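Here is the structure we will look at.
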Amino acid sequence: MKLYDYILSPSCYKVRLMAALTGVKLDLQPVDFHPGLEHRGPELLALNPAGSIPILKDGDLILTESSAILVYLAAKAAAEWLAGDKPEEAARVQQWLSFSGRLTTSLGGARLHEMLLRPGDIDALQAQGISALRELEAGLVEQSLRGRRFVAADRPTVADIACFPYVALAPDGGVSLDPYPAIRLWSRALRSLDGFIEMPGIHRLHELKPEPLIETGEA
Amino acid sequence: MTAQAMIDEWYPVGLFSQLQPAGRQTALMGEPIVVSSDADGNATVTGGNGRSLPVLVRYGHVWSSLGQPKKALFPIPEADQPGRRFVDVGAVRVRCSPLRAVENFLDIAHFPFVHTDILGAEPHTEVQNYKVEIREDVDEVWATQVKFYQPQAAKSAAGGITTEYMYRVPAPTCSVLYKTCPPRPSEWDVITLFVQPLAEDLCDVWPWMALFDDDTSMTDLIHFQQTIFLQDRSILENQIPRLLPLDPGMEIPTRADLTSIAYRRWLKRRNYTYGAQLVAQ
Amino acid sequence: MPSDTTGFWTPVALSADLPAGTVIPARTPAGSVALWRSEAGRLAASADRCPHRGMRLSHGFVRGEALSCIYHGWSYAQAGNCLRIPAHPGLTPPETIRVAIHEVAEADGVIWVAAGVPASKPPRLDGLTPLRSLTVLAGKDAIETAAGGKTSPDGLVETAAGAGGVWLLAADDGQTLVHVLVRDDAGTKDRIAASRAAESLRRRAENLQREGIVQ
């Protein structure tokens, strides 16, 4: 499976993260998104006329839209990441997959503006981002009151992976994560999963490894 | 803080390869400027009141100044060396002092914690003694014999190696790093950090590289450097205060910070204080 | 917020939001703090700034009984003294390297940080269980108007009809951290209702603040 990938793209990171968590091997094809704008070049537009990445190619199959790619990876390799057959759970997975699109436009838009100098109404993007974070925070509080640690179930699903990257990288767009305790606990639970990988802007949880014994040279 | 002493310096304001006739609006030390190309494809830079600002094109970037630069842009002889590949990494905006961005670039002790498993990894955290000097003849800060164990020092590195570094600060918001070149041990890879001060607490950082590496794709080289810099960015945006404190009582350095100590001393001596905080607040 | 001449307590977070081995940012009238709980469960609050390079310590990590800065890994004990500088493994950090610390208290599921030296302990919240904390971009007056109640000397506001639970306020400049409390015997349905009512009250308080109806 070949992923057209940009290391700084949270949407591409969703796919890399999902693959890492489910043990799927990806062949990464780096795209010069910044500063080269290669995603808007003829070769990639031929694969995805929307001019966006990620794009996943598996044999003759070409998939775009990160949520669809997450579902594809999970269905192939680890069905427990999909919704089970309970109606509420199925609906909640869809709810947060749809919601993740709003994170992309709001927090993602603010991040592109603040970091990579893309145009946009930064005040509006940040305000929309804060509204979305408050919704997620409230959703996670309710889940925890129902005894569930993740957005759709008591186990992580594709919906968590769809929401996590833009939320974790909100500060890149000038939106603080300080006011959201439930998001902090959820983010920590995801970052502690076996096989979790980071992207630039999300630091390693160094506490997951014990403090090393350090040999001193010429101190 | 005054911009006076720094106003006559050259600053990066854009990539030459991305110049457009329509122009790009940006800023230099608080003044809105427009960087564009004229009918012959030459770079022009226009200041806030429509006046033409000094321009030169070097190291892949357009350089300009709000004042009257008294000297030529600092030399990087490796930029003219055959066989090197020149990498325009592109701008990343950071909400921090341009001086903080440079100081972070001069620091190796953060590698294991911020660039984990790439430029450093526990337990290899020790910073060995190295040499630092302010070279009065060229008016530059130099750190030499800097050594650090790196799991993946460059895109071209196959595994962990002890990398040797030399750092150079030839201008208040620019630094040049010379680093062990894995495919060609007799040469140094050159990695620079050119910082455009937009305001005292806001900057666009333009990394640029001149490498010996015939195998790695240009996109991979760009992404490697963007990865490193984006890991630093979340640190830079969370340092308090945003300005670089030049008051020695504000922050506590150790022997590992000798380059930073020399850099701060040099800034203070030259009155390069745009982006600095002189007195603790 | 109970106060006396020597100091006072601010409720900064809920116990459940700070598991062992983690650090979180918190706001107090005395400035931002890094609030952390060691692996053994001991609570501590330090200034949210590493004295080495000014990095926020709340971005750091907790290993064992120490808080470490994410930038260079400098570690601090609960008492604020520097324990370890990874760049110099052989060095015992001098006593002069330390972070300012604040007294912390924990009771009834709420964590309090002291400004100064309070003469008494933080108030007890008998019969109440904390549900969640939320930040309201409005001052105390707007919140009282929205909630339809007045703040008690202990910082508690009874929301009208009790639907939004009881609010414990920690006011700051222009924004207020609200801890929503419910009766100990409230069931899941009531708790979810109280959380939703708190969201509604926040919207009203922020509208009041925005429209300048209350200061």
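Lettered A, B and C in written order, each chain numbered from 1.
Here is the rule we use: a residue touches a chain if its C-beta (ideal position, glycine included) is under 8 Å from a C-beta of that chain, and two chains touch if they have at least 3 such contacts.
This is a predicted model, so every value here is computed, not measured.
Trainee: Can you name the chains that touch subunit A as well as subunit B?
Mentor: Both subunit A and subunit B are touched by C, going by the contact rule given at the top.
Trainee: Could you tell me which chain's Cα centre is nearest to the average position of every protein Cα atom shown?
Mentor: A
Trainee: Looking at CA centres, what chain is most distant from subunit B?
Mentor: If we average the C-alpha coordinates per chain, C ends up farthest from subunit B.
Trainee: May I ask which two chains are joined by the most contacting C-beta pairs?
Mentor: Per chain pair, the contact count peaks at A-B.
Trainee: Could you grab the centroid distance between subunit A and subunit B? Build each centroid from C-alpha atoms only and quote it in angstrom.
Mentor: So the centroids are 30 Å from each other.
Trainee: Please work out the Cα centroid separation of subunit B and subunit C, and write it as a whole number of Å.
Mentor: Averaging C-alpha atoms per chain gives centres 38 Å apart.
Trainee: Between subunit A and subunit C, what's the gap in Å when you average each chain's C-alpha atoms?
Mentor: Their C-alpha centroids are separated by 29 Å.
Trainee: Going by the touch rule set out above, which residues of subunit C reach two or more other chains?
Mentor: Each of 59, 70, 73, 86, 88-89, 91 in subunit C touches at least two other chains.
Trainee: Can you list the subunit A residues in contact with two or more other chains?
Mentor: 203, 206, 214-216, 219
Trainee: For subunit B, which residues are shared contacts with two or more other chains?
Mentor: Residue numbers touching two or more other chains: 113-114, 122, 125-126, 234.
Trainee: Under the definition above, what is the set of subunit B residues touching subunit A in their complex?
Mentor: 15, 18, 88-93, 95, 113-114, 116-117, 122-123, 125-126, 128-129, 204, 217-220, 222-223, 226-231, 233-234, 237
Trainee: Which positions of subunit A touch subunit B when the two form their complex?
Mentor: Going by the criterion above, the answer is residues 6-8, 30-32, 34-36, 38, 114-117, 171-172, 174, 200-201, 203-204, 206, 209, 212-219.
Trainee: Tell me, which parts of subunit C touch subunit A in their complex?
Mentor: Against subunit A, the touching part of subunit C is residues 13-14, 17, 19, 21-22, 24-25, 58-59, 61-64, 68, 70, 73, 86, 88-91, 131-135, 188, 191-192, 195-196, 199.
Trainee: Quick check: in the complex, which residue numbers of subunit C touch subunit B?
Mentor: 48-49, 51-56, 59, 69-73, 85-89, 91, 96-97
Trainee: Using the touch definition from the top, list the residues of subunit B that touch subunit C in their complex.
Mentor: 109-110, 112-114, 122, 125-127, 234-235, 238-241, 245, 250-256
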